[in-house]
Amino acid sequence: MTTHHFQPTHYPLSFGSHPPVLRIASGDTIITTTVDAWGVDAQGKQVAGHPNPQTGPFYVEGAEAGDALLVHLDRLAPSRTSGYSRSALAPNVVDPEAVSALPEALQAEWLLDLAGMRANLVTPVAGLEGFSLPLNPMLGCLGVAPSDGQAISSATSGKYGGNMDYRGFVSGVTAYFPVSVPGALLHLGDGHALQGDGEILGTGIETTFEVQFTVRLLKGRKIGWPRGENADYIFTLGNARPLDQALQHATTEMLTWLQEDYGLGGRAACLLLGHCVEYDLGNIYDPAYTMVCKLPKRVLPKPSAAV
Amino acid sequence: MTTHHFQPTHYPLSFGSHPPVLRIASGDTIITTTVDAWGVDAQGKQVAGHPNPQTGPFYVEGAEAGDALLVHLDRLAPSRTSGYSRSALAPNVVDPEAVSALPEALQAEWLLDLAGMRANLVTPVAGLEGFSLPLNPMLGCLGVAPSDGQAISSATSGKYGGNMDYRGFVSGVTAYFPVSVPGALLHLGDGHALQGDGEILGTGIETTFEVQFTVRLLKGRKIGWPRGENADYIFTLGNARPLDQALQHATTEMLTWLQEDYGLGGRAACLLLGHCVEYDLGNIYDPAYTMVCKLPKRVLPKPSAAV
Amino acid sequence: MTTHHFQPTHYPLSFGSHPPVLRIASGDTIITTTVDAWGVDAQGKQVAGHPNPQTGPFYVEGAEAGDALLVHLDRLAPSRTSGYSRSALAPNVVDPEAVSALPEALQAEWLLDLAGMRANLVTPVAGLEGFSLPLNPMLGCLGVAPSDGQAISSATSGKYGGNMDYRGFVSGVTAYFPVSVPGALLHLGDGHALQGDGEILGTGIETTFEVQFTVRLLKGRKIGWPRGENADYIFTLGNARPLDQALQHATTEMLTWLQEDYGLGGRAACLLLGHCVEYDLGNIYDPAYTMVCKLPKRVLPKPSAAV
Amino acid sequence: MTTHHFQPTHYPLSFGSHPPVLRIASGDTIITTTVDAWGVDAQGKQVAGHPNPQTGPFYVEGAEAGDALLVHLDRLAPSRTSGYSRSALAPNVVDPEAVSALPEALQAEWLLDLAGMRANLVTPVAGLEGFSLPLNPMLGCLGVAPSDGQAISSATSGKYGGNMDYRGFVSGVTAYFPVSVPGALLHLGDGHALQGDGEILGTGIETTFEVQFTVRLLKGRKIGWPRGENADYIFTLGNARPLDQALQHATTEMLTWLQEDYGLGGRAACLLLGHCVEYDLGNIYDPAYTMVCKLPKRVLPKPSAAV
């Protein structure tokens, strides 16, 4: 149950079997930092490539293929007062006939009021004078090394997690990932001070973060896709294109979860899921889109297992 | 401002230019009933074909192509104590490799406690003994006649609305539809006592409804896709496959709305939408899927127009 | 075995249960004309609306739901010397990021050399001086009335056929459609002097046609989707978005065909189809895309039935 | 212009920046072998993992990001007499409702008659007694290392090529790949004695190959996606899901090619492509699907550049 303070010095641009930056044990807590999506740190210095340079990977002692890695997000906090976003919708989220009318994708600058927990638009945009939004700090990227020695760009996502841009990944949330390689190799990055559903601008408000998280190794807990849990919901994440397929992955994973861990037969699992499911949209911008399948805990039977 | 009590005697199975059942004026209120998705009425009598027999169409005096029809859902209430749903997920919402393991799609019976506003599962399903859920009465089908003399099955949806299975269409909500034919020809049906996101069973809890609604004709208000409004949000609905395209339609319509009615330029509209948007899933079961693009009213500038 | 000469006077804009223009018997031959996609006839006169005004519907005596209608395309021939096409790719067939760079979609004029069977580009386009292509006259629209009293725009397609824009529908080809309404109600139109795969401009070279076809009613031959046959192949057509789903429909229909009519078990049908299938792209422009699943006749066992 | 004989001893399972097995120069010819998709060699010995173990990577001297690598397939020939395929369609290529009726996916054994160039089905399958098909040897996998240090499973494909399963990659064909890393790092494997369009069984007839190819480095020839050329066509390959997006990539790449190398303006390129394009389906089984955009050489102006 050690607490590690880790200051990264280099930042991989892919989720992969890179040399680990730190070896940690199940139960350990790590306090670290992330740089922004373009590789700029809290002091405004370009210290990494882009997009989405990662902090990590962290090697979890004893983890191996067939386990699950629990990651509790203890605290996510922006660590500087500047953020930026794109000011045009991505061409793939509007009708093809409407693409040509989109504005040029200039950068919008934001001033982050970390005490008041608000983002204030700095770039002058007619009609948005004094525009201010409440912060909702979240991690765009979170995951482990993919299987088969792969190293996959931190621009995208898969069964291993990755760049899912789900705005449900906030402080207090627990995430679970399927381990594919020794040590699991946890990566994280791409903090957003706030983000709309789908990351349809291609960005949230991009900034640097201080992150505290705690890991726990779940030996022999085989899962297929990233899962998560907050105070009110359990959820699964599917990553693919089109969105339909992302939803299929997330729904299938939830169906498995209900049957394996909540003692439900197929019919009971379908009925429960079918009547109570809620879906969230992660990103619809990256090479793989993300769909989140959620079930309220209040409708769940008592679980027989932890994940 | 007349209030009409209308009892249907036949139920079209498509959204189309059928002979109107009643002529009403802008501002009128209609109190009527809908049968369930399989054509059974509140007395348990088979009175219509299926799927999704419609009440209507109602002819709104003065409506013509290029107008919008506002429909305020004053009150939606189940009108019998029995409901049913399917007990297996639809094959298209799980991974193709998982289809064969789905249970047989038997019918599940529900007892609707209309006073307590709960649905209680009657069919014995191991693991769901005493299963009970709060009612959330909603209309699966709502819309006007499509353009060009078309008559399109009430199994699907389009720019004219139709079978969108959006569980946001509850009492108190206002919907808007683009008028394509004289009289607009409003259809409604397919009441669900409650439904999960996506209607992934292929049903909600299907039952009969008493419906009260009020229409208002918005002359010369050209809109492209169904829109809506509740206490907290404005929203647009896109209907298409895959889900990506449904989202493109809904997002494009919202972008238009922000620019035409809220006085925002393209950049401001993109920034506002991109940072504040929330997406809901209507159905992912019907021939056309439905995606809903929502914006919280609290972030909107004062509108210059009603829709 | 009557031969009818039929000159249309009005042209529906949807595939539907419109009043039939002519009643014909199984075995009859019809010689008729089609106007171009914008409703202009062989004399250059605007005689119909758009898009894709249809000749028909023709009522086939004795046809009813559950039958199949065979349509042999005896002869398709352009009937005027002018044709036109769009000169820009449709926005949906290029990357969203490439849409803004597409040229404006001006009309391109073609002179049809009906004796030499060539289309010669008339509109001056730098780099395409003297551009000339061999004619391949085909029907973009072909089908029967859809089920359930529907009337569906001739801009799109479905199980009933419709606007499939398959350049395999040329003289000598036999098409089969599932009958859904009494009389089948055959519609045809949208002749293309030639067209590339996918109709990715949104047009072929649009012109008017003389069409001779012969129908045969196949009583009790239940099929699910349009089918066809030429000298070398049998084929099935699926219509949907995305293209993946169109392919699923076409492939499933072919699998059924092999099992029902060629005496093959599931494994044999899969092996034969999997190793020998060829796919053609119909359109990837209309609301529903079209994919064609083909099998060479040389690899087929002797059929036990005609369709 | 050296000819190298290279016998692989290990086989990577991903396209990536693996240590090169041989350094070759532009103009060199390589004669080598590939093992089958499950890692079995010509002697029937399991020598590699799966799926799709690769021969290579080959380091081409002087290649760097921004170049193109030309690979001429001089000769592809099966090198053993046994092959196998799956005997059931993949679940994702039929309607979701039809998945449960698919046969079990047993292995089918084939005897390859290398002199007569035919594959003869050995596994007894009722209805396919004496089933025999002509060989069409092709490479399922071909490509270079992806960008950004990625290593991506040889089960899928991308801009770098990969597992495209295009049955147009036969002897005599020239392929072009965008170079992303020093040396280009060419990989090849997954030989199919024959394959239907789409690889809808999830396999062709899998076997081992002798391969002879010749490379040429095209300095400074920036291309976006794999391209190719045979006696009659130039073509581009797009890899993505859904198929629509694969087609968008291939079409956009062809549009670029026509404008950059054939001296055509945007309008001329659109008109030429739109009227003359033919599409082939690569695979519709792997994580990324493959669509091929082809143009007949006979309609092309004289190119100003080689690729």
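Labels for the chains are A, B, C and D, by order of writing; each one numbers its residues from 1.
Just so we're on the same page, contacts are C-beta pairs under 8 Å (C-beta built on N, C-alpha and C of every residue); 3 or more make two chains touch, one makes a residue touch a chain.
All figures in this text were calculated on a predicted structure; none of them were measured in a lab.
Ranking all chains by how far their C-alpha centres lie from the centre of subunit A, first place goes to C.
More than half of the residue-numbered contact pairs at A-C reappear in one of the options B-C, A-D or B-D, namely B-D. Centres computed as Cα averages put subunit A at a distance of 34 Å from subunit D. Centre to centre, using the average C-alpha position, subunit B and subunit D are separated by 47 Å. Work out the mean CA point of subunit A and of subunit B, and you get 32 Å between them. Annotation for subunit C: residues 92, 96, 241-242 touch two or more other chains.
Those residues of subunit C that touch subunit A in the complex are listed here as 90-92, 96-97, 99-100, 242.
On the subunit B side of its complex with subunit A, the touching residues are 85-89, 92-96, 98, 101-103, 106, 108, 121, 125-128, 131, 133, 194-198, 200-201, 204-205, 241-244, 247-249, 251-252, 255, 263-268, 270-279, 281, 284, 289, 299, 301.
Of all the residues in subunit B, the ones that touch subunit C in their complex are 13-14, 16, 147-153, 240-242, 245.
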